[in-house]
Amino acid sequence: MKGIAHYNEGEQVNHYLLVKSSSKGLTSGGKPFLTLILQDQTGDIEGKLWDSSPQDEHDFIPDTMVKVEGDITTFRGKNQLRIKGIRLVTSNDQVKKADLVMSAPLSVNTMLDKVTQYIFEIKNPAIQRITRALLKKHQDAFFEFPAAVRNHHEYVSGLAYHVVSMLNLAKGVAGLYPSLDTDLLYAGIILHDMGKVTELSGATAASYTLEGKLLGHISIMVNEIAETAKEIGVDGEEVVILQHMVLSHHSKPEWGSPKPPLVKEAEILHMLDNLDAKMNMMDRALEKAKPGDFTERLFALDNRTLYRPQFESKLPVE
Amino acid sequence: MKGIAHYNEGEQVNHYLLVKSSSKGLTSGGKPFLTLILQDQTGDIEGKLWDSSPQDEHDFIPDTMVKVEGDITTFRGKNQLRIKGIRLVTSNDQVKKADLVMSAPLSVNTMLDKVTQYIFEIKNPAIQRITRALLKKHQDAFFEFPAAVRNHHEYVSGLAYHVVSMLNLAKGVAGLYPSLDTDLLYAGIILHDMGKVTELSGATAASYTLEGKLLGHISIMVNEIAETAKEIGVDGEEVVILQHMVLSHHSKPEWGSPKPPLVKEAEILHMLDNLDAKMNMMDRALEKAKPGDFTERLFALDNRTLYRPQFESKLPVE
Amino acid sequence: MKGIAHYNEGEQVNHYLLVKSSSKGLTSGGKPFLTLILQDQTGDIEGKLWDSSPQDEHDFIPDTMVKVEGDITTFRGKNQLRIKGIRLVTSNDQVKKADLVMSAPLSVNTMLDKVTQYIFEIKNPAIQRITRALLKKHQDAFFEFPAAVRNHHEYVSGLAYHVVSMLNLAKGVAGLYPSLDTDLLYAGIILHDMGKVTELSGATAASYTLEGKLLGHISIMVNEIAETAKEIGVDGEEVVILQHMVLSHHSKPEWGSPKPPLVKEAEILHMLDNLDAKMNMMDRALEKAKPGDFTERLFALDNRTLYRPQFESKLPVE
Amino acid sequence: MKGIAHYNEGEQVNHYLLVKSSSKGLTSGGKPFLTLILQDQTGDIEGKLWDSSPQDEHDFIPDTMVKVEGDITTFRGKNQLRIKGIRLVTSNDQVKKADLVMSAPLSVNTMLDKVTQYIFEIKNPAIQRITRALLKKHQDAFFEFPAAVRNHHEYVSGLAYHVVSMLNLAKGVAGLYPSLDTDLLYAGIILHDMGKVTELSGATAASYTLEGKLLGHISIMVNEIAETAKEIGVDGEEVVILQHMVLSHHSKPEWGSPKPPLVKEAEILHMLDNLDAKMNMMDRALEKAKPGDFTERLFALDNRTLYRPQFESKLPVE
Amino acid sequence: MKGIAHYNEGEQVNHYLLVKSSSKGLTSGGKPFLTLILQDQTGDIEGKLWDSSPQDEHDFIPDTMVKVEGDITTFRGKNQLRIKGIRLVTSNDQVKKADLVMSAPLSVNTMLDKVTQYIFEIKNPAIQRITRALLKKHQDAFFEFPAAVRNHHEYVSGLAYHVVSMLNLAKGVAGLYPSLDTDLLYAGIILHDMGKVTELSGATAASYTLEGKLLGHISIMVNEIAETAKEIGVDGEEVVILQHMVLSHHSKPEWGSPKPPLVKEAEILHMLDNLDAKMNMMDRALEKAKPGDFTERLFALDNRTLYRPQFESKLPVE
Amino acid sequence: MKGIAHYNEGEQVNHYLLVKSSSKGLTSGGKPFLTLILQDQTGDIEGKLWDSSPQDEHDFIPDTMVKVEGDITTFRGKNQLRIKGIRLVTSNDQVKKADLVMSAPLSVNTMLDKVTQYIFEIKNPAIQRITRALLKKHQDAFFEFPAAVRNHHEYVSGLAYHVVSMLNLAKGVAGLYPSLDTDLLYAGIILHDMGKVTELSGATAASYTLEGKLLGHISIMVNEIAETAKEIGVDGEEVVILQHMVLSHHSKPEWGSPKPPLVKEAEILHMLDNLDAKMNMMDRALEKAKPGDFTERLFALDNRTLYRPQFESKLPVE
């Protein structure tokens, strides 16, 4: 079956989809309608359910699966779905949530092997043990959660995929700058966003938890490093420096780090995080633009709109 | 014996003093000299030791007691001490460090009673138990450390004195705004700067520890609240909210809080902290100015210089 | 009769209300409608009058009383009123504007007594006479005007209520910090926002006057202090310092004060103003949120949304 | 006699000079010396009086005339005066302060005629009367004071000269943009900096008064316009708009204007003020640089250093 | 025939107009419509074409001429046009684009004479030859293009009109400040915005070209000065300084100039550019406001709204 | 012979050195002295020549070779050289400037091969030809100049070494993100700082040229790309995009780029530039710190001071 991202204006849709978000509006004539963001593995689309009932509001909430019939229209250059029929999925439909969500291009097992291999390469025993213990504690969520609610790697297993990309990047960079301490760098990469498994509500249709809102993933993880080190009987400067790497990885106070990077590997961790996240955002935006066109405005890139040259010979790869 | 703060230009000094800081300079003719900040209970003075030897550099380091002879001169309106003789204190001198340091106007016991009394008024058992346990863990240092290295309450027991002042202020304010949750407010005040006992090196001539520089007192304390709660078997929203109050008490990212206050009592905690700290800074600066004059520039008050009106009838009180 | 703030979705309204603001819109089909903010003593509600006529536009302007029939609907979690019938109030209705506006929880007489008492406590004759003369000049408006058009104390007598709260707060704080000059502080509090009686158009449905827009309440009051002092034959440093306290009470240039506070009591005036205003905003926002929920975004608090803990035992009080 | 600005390294000086400022220093060997800024009509020079006595400190204070002997040396490309002999001027010396100060290139009478002529061209009677009355009140000081303590027009009669230049500029600009209201523009120019006569201490060696520091020349003048209008029985919108023009002439809060220009002529007033002040600063800095060189850093021009092209055919004129 | 700017609510329109921009919307009921900005020589109006077809979207694109029938309505105080009939202009209509666009108040020939005269006054041969050569290269576009897409002089020949106004202004200012090098100033004015002929797509309904977006008119012109100088065999400091004047004419990095003005005439060029542009914006906004009213918010003037005094005797002139 | 970086306090020096900078001072007793920065291949040292003569000032200017005798002293933890004898180098000394300057760790030939190889890998003929032509034009200077006057790669051939490091980095990154257009990236890296050969005065003791100060290396190179493309007959989008990559490589206006990166490879170019420059700065600062210590403050890293962990097993490599 064709994915939701691949329809064109005027086509008919009859499709299983997952509700990503739902909000109620009133027409200028005062009638209620629902705006649903609906997704499958290929992407998402904004759907309009006109003349919605209170029952509709109650049923079609985030993270529920639905069967939808409708027409594709366009608005401001984007596809929209005019919903003509919608119902909740039942057990008879035999559709699983995993069929309806985007996920990382690598399998969980592949990524687990990769991360395990990098941990194995960490020689400093204190650093290795802390990293291993924390990964073990959060292993399931770590390989399922997205890296963010929006902007970059915001899909199932996005967090782990982002970490694996950064680890590969770190290995390449450390090959060119041999003074880099790869123990610190690999451990810092694996731990830097692990607090997201507490900050976010789940792997799909994620929102922020109370701890996420009041403390944030950085403080959450800085805490856990201290706690875990104590539990497994590790102390010494390595603990403080790992905490510092997580604490400072957003680089500036106004971006969420109360201390700037004060250790070389912390600075590099920040730069690699930034490089991989921006590459992901740019590739996905450029994929949707034709050669010779500009992308839509990218909020997380200071609202820039990027140009896709006409002469490029290679296609952006997701 | 007259305190070091009370000498005038031209007088002779023969005095026990504590070295607060020491730095080496070269005269424009290329000769070494030491600039020592020397203190007793009444204040401190900059001393110059001309033609200093390597042995002098080695001996007169921060937190050592010395016997000094010299003359008072003035420079840019401030007293200076031209050191003619200086030696380390020996056991024969029978002088104790406590005799040479400024400290809070209340005794440790008085402040301990006060803080204990406020903890007793906390009704929520989770909040009370966490606060009590943390105070117990750090009790000695908490009642001895300064509140800061400079700017406000930077003397022995300054931290506890700042906390007691804020608790009294909180009680007064809560009397006028009955919606305030005094459990949260009292606990937040007691814990907000407790991380300073780890951030700073000691009660006198304090500098920053490695943990202080790489993590900061806010992150340190946010960690300890989680750890202590776990140790004493407390969980629930109270833990997260106490962590949040400490995390947010500097109010803005650029002032060191990765999250702004998102709970009413956290906002009020920030305001009372600010009020008490500024009052302390302003009183001490105005005390040194005569009516009709401006104070020196106050770095921590955006470099302002304050005016002391001529008509005031009350004297600033320290 | 039930207040407008206490209706639920689906209920019928038949109610006297005061028009707070009115603006015309066009439906996407090109038809005119009016959006009216309508209030009584309990709060306000957005009303939609569909298919409005030019006569409607002409009649239902700010500060007029109307009789309204309609249904309560909801939109984005807020109540809306779909107006089915609306007419101007006539003398037969026997309804007074005072019945339809929110006002301070204390009576004008109580507040007048309070302020008079505080003026009586001012010992410096120059400060007392200026304060008394200015209060006398603006007495009626001072006890009727709101403290602001929006954000805090934006109701009848809000200005005086804000001043009384600050005076009580100042008395408490001065009890703990005896170096504070209460003469300056009380006078500064009474005068700091008095220019609002010229900056704003009236006690209800207030907007900005030309002087308000071109000069602002701070400059207006700084002028009046000089003028009044001259009229009653007072001169000396007290005049300049009172002017300075008003001039600097917003603390920073970008908040409207061309000079920062350079006198201790001016700094404290700013802080108490801030504390009382924020307490008012926070209490009112939290009152509308349930325990465990976040408030709506609060523009005047840097767009924060505040959390109301689940465990609180006390209710916010307005 | 050659002016102090025209000596070269190695020459002997024997000269009457005015002390502009005086500050005490200590050599690195601990000996006191005075740094005096000394001026005559051609400019100023930094003088060093080594081994100064307390009597010297007492005598050689700002705004006193002295007779000085010494040698010209250079330091960082600037002349310095090594003082070998210095004494106070006595009545026998027959030297007047006016002989030792820089002043505007036009005489007071010429400038008075010019300003009077422009006032005469103001047609609106309210605007004309207020302007005339204020000029009369401050006439002597207005034609003697500098426009600032430093940066631009900081010499005797600098304020009036700056005003006359701006008036001529305004006439030219209004000729090209006939919609400009010259009544407002001329009055605004004459009044915009008149508050300096209260903000500054005098015509020579000026410092800030208490009113200057606590209120500033803008607030001072905004007050006086209101007061004067009342005294001469003028009211109406003209008063508010003249106040607004003075209030807003620094254009931005962070530059001292609590309101930005909201009337066209207020915006133009700001621009002409800026243009004349910068032209004065740039001309004087470039005059000291040779073609092909850069000037010293100019603090009031964002610390820029300006280039003087090699090919220019015209010399900068002061 | 009455111009489109002069209709009132309720009147019928039957008019030739030029499409300035076109965008598609959806009604809240999901039906497509077009919002067209339509202009003639007197101004522009927003038109709504309800129930638009794909053919309409295809036909009514920017820079096409149309014949329109409809009614004038109002929304938020602005006229709107409800389109009842619209068709493309054909050759039978005998209407030219020049009849439908606003243009500068001076003819191209008059402006060409003026600019030529100023070039003739440039005495330095290098500066004169470069300016002349560049004007020749871009002569047609230079006298046809607008000075900007919006905000100021955004009409046919707006660029040349802006340049002529600035040249007249420069002549007046240089008369008062004789140290100004008019060769540099006149050349800088003529060249400063000439890059717009490459940055923008055309004289009417202009948008940004790829070079405009990726390089900007400043870099484009800095390049062309170097290239042209080489072509005509001119070198020396004059080339670098002309490049610098164009490079720095926006004054600050955040306004598009990588270097601030470092030559006096560059600073004055910036100020005159600013003065003429703001005068144009202010006059046009004030023309639409009645005495005693405020204008709409002006984005390019920091979102200010300007007051038009009641007492003014002169009308704003465009 | 031991390099100047390897002496300790108290040792005697008798050494050939190159003058990097020279400035005159006055002792507080009024006597002239010279402060010389003197270098050899191992680093530089500040030397003091007391009681200097006008002849000394004339002789010991930047980029001259000298023979120096003196003693090593220390000041604020840094070595200083007290000069006892100094003379200019003559032909008899048989010392070459190349013996006294730091230079890149790779030879010019090695780097030339590397860059040539990368150009060879560029497949797009337009991009390759422009890059090749520009390298040929500036080849000698390109392989000799430093990358900057201070902060990073500020030694002979530093520019080419920085480019080679970035090319290697780009190859590694492009291997992991196959959507990157290596043609653009390699060309952008080779050209991004090539304008420095015009901005700076030479390979050693470099200062800024007039073009450097008034235009900057970015504008200079953007010009040259256009010019060179025209000369070799290349046009098309490639030219504009290469210009854009150079123009935007500082990323933000306040860092010198009038346009932000709007092409993916331009963004990546900025990030790799930043990564290589910071790595160079950090490695060199950490090399001078002992494990467990902090470095001196690093101006170009926001004034941070970096910590060198105690447990690191690898040494920083230059």
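Order of writing sets the chain letters: A, B, C, D, E and F. Residues in each chain are counted from 1.
The working rule: contacts are C-beta pairs under 8 Å (C-beta built on N, C-alpha and C of every residue); 3 or more make two chains touch, one makes a residue touch a chain.
Keep in mind it's a predicted model, so treat the numbers as computed, not measured.
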Number of steps on the shortest touching-chain route linking subunit D and subunit F: 1
For subunit C and subunit E, chains touching each: A, D
Chain whose average C-alpha position is farthest from subunit F's own: C
Rounded Å distance between subunit A and subunit C, as computed from the means of their C-alpha atoms: 44
Inter-chain centre distance, subunit B versus subunit C - centres from mean C-alpha coordinates, in Å: 40
Shared interface positions of subunit A, touching two or more other chains: 25, 27-29, 210, 213-214, 237, 241, 262-263, 294, 307
Chain-chain contacts as defined at top: A-B, A-C, A-E, A-F, B-C, B-D, B-F, C-D, C-E, D-E, D-F, E-F
Residue numbers on subunit A that touch subunit B, as the complex places them: 210-211, 213-216, 218-219, 222-223, 226-227, 230, 237, 240-241, 243-244, 247, 253-259, 262-263
Touching residues on subunit B, where the partner in the complex is subunit F: 23-26, 28-30, 210, 213-214
Interfacial residue positions of subunit D with respect to subunit F in the complex: 25, 27-29, 33, 48, 50, 73, 75-76, 80, 82, 294, 307
Complex interface listing, subunit D residues touching subunit E: 123-124, 126, 165, 168-169, 172-173, 175-181, 184, 236-238, 241, 260-264, 267-268, 271, 274-275, 278-279, 282-283, 286, 294, 301-302, 304-307, 309-317
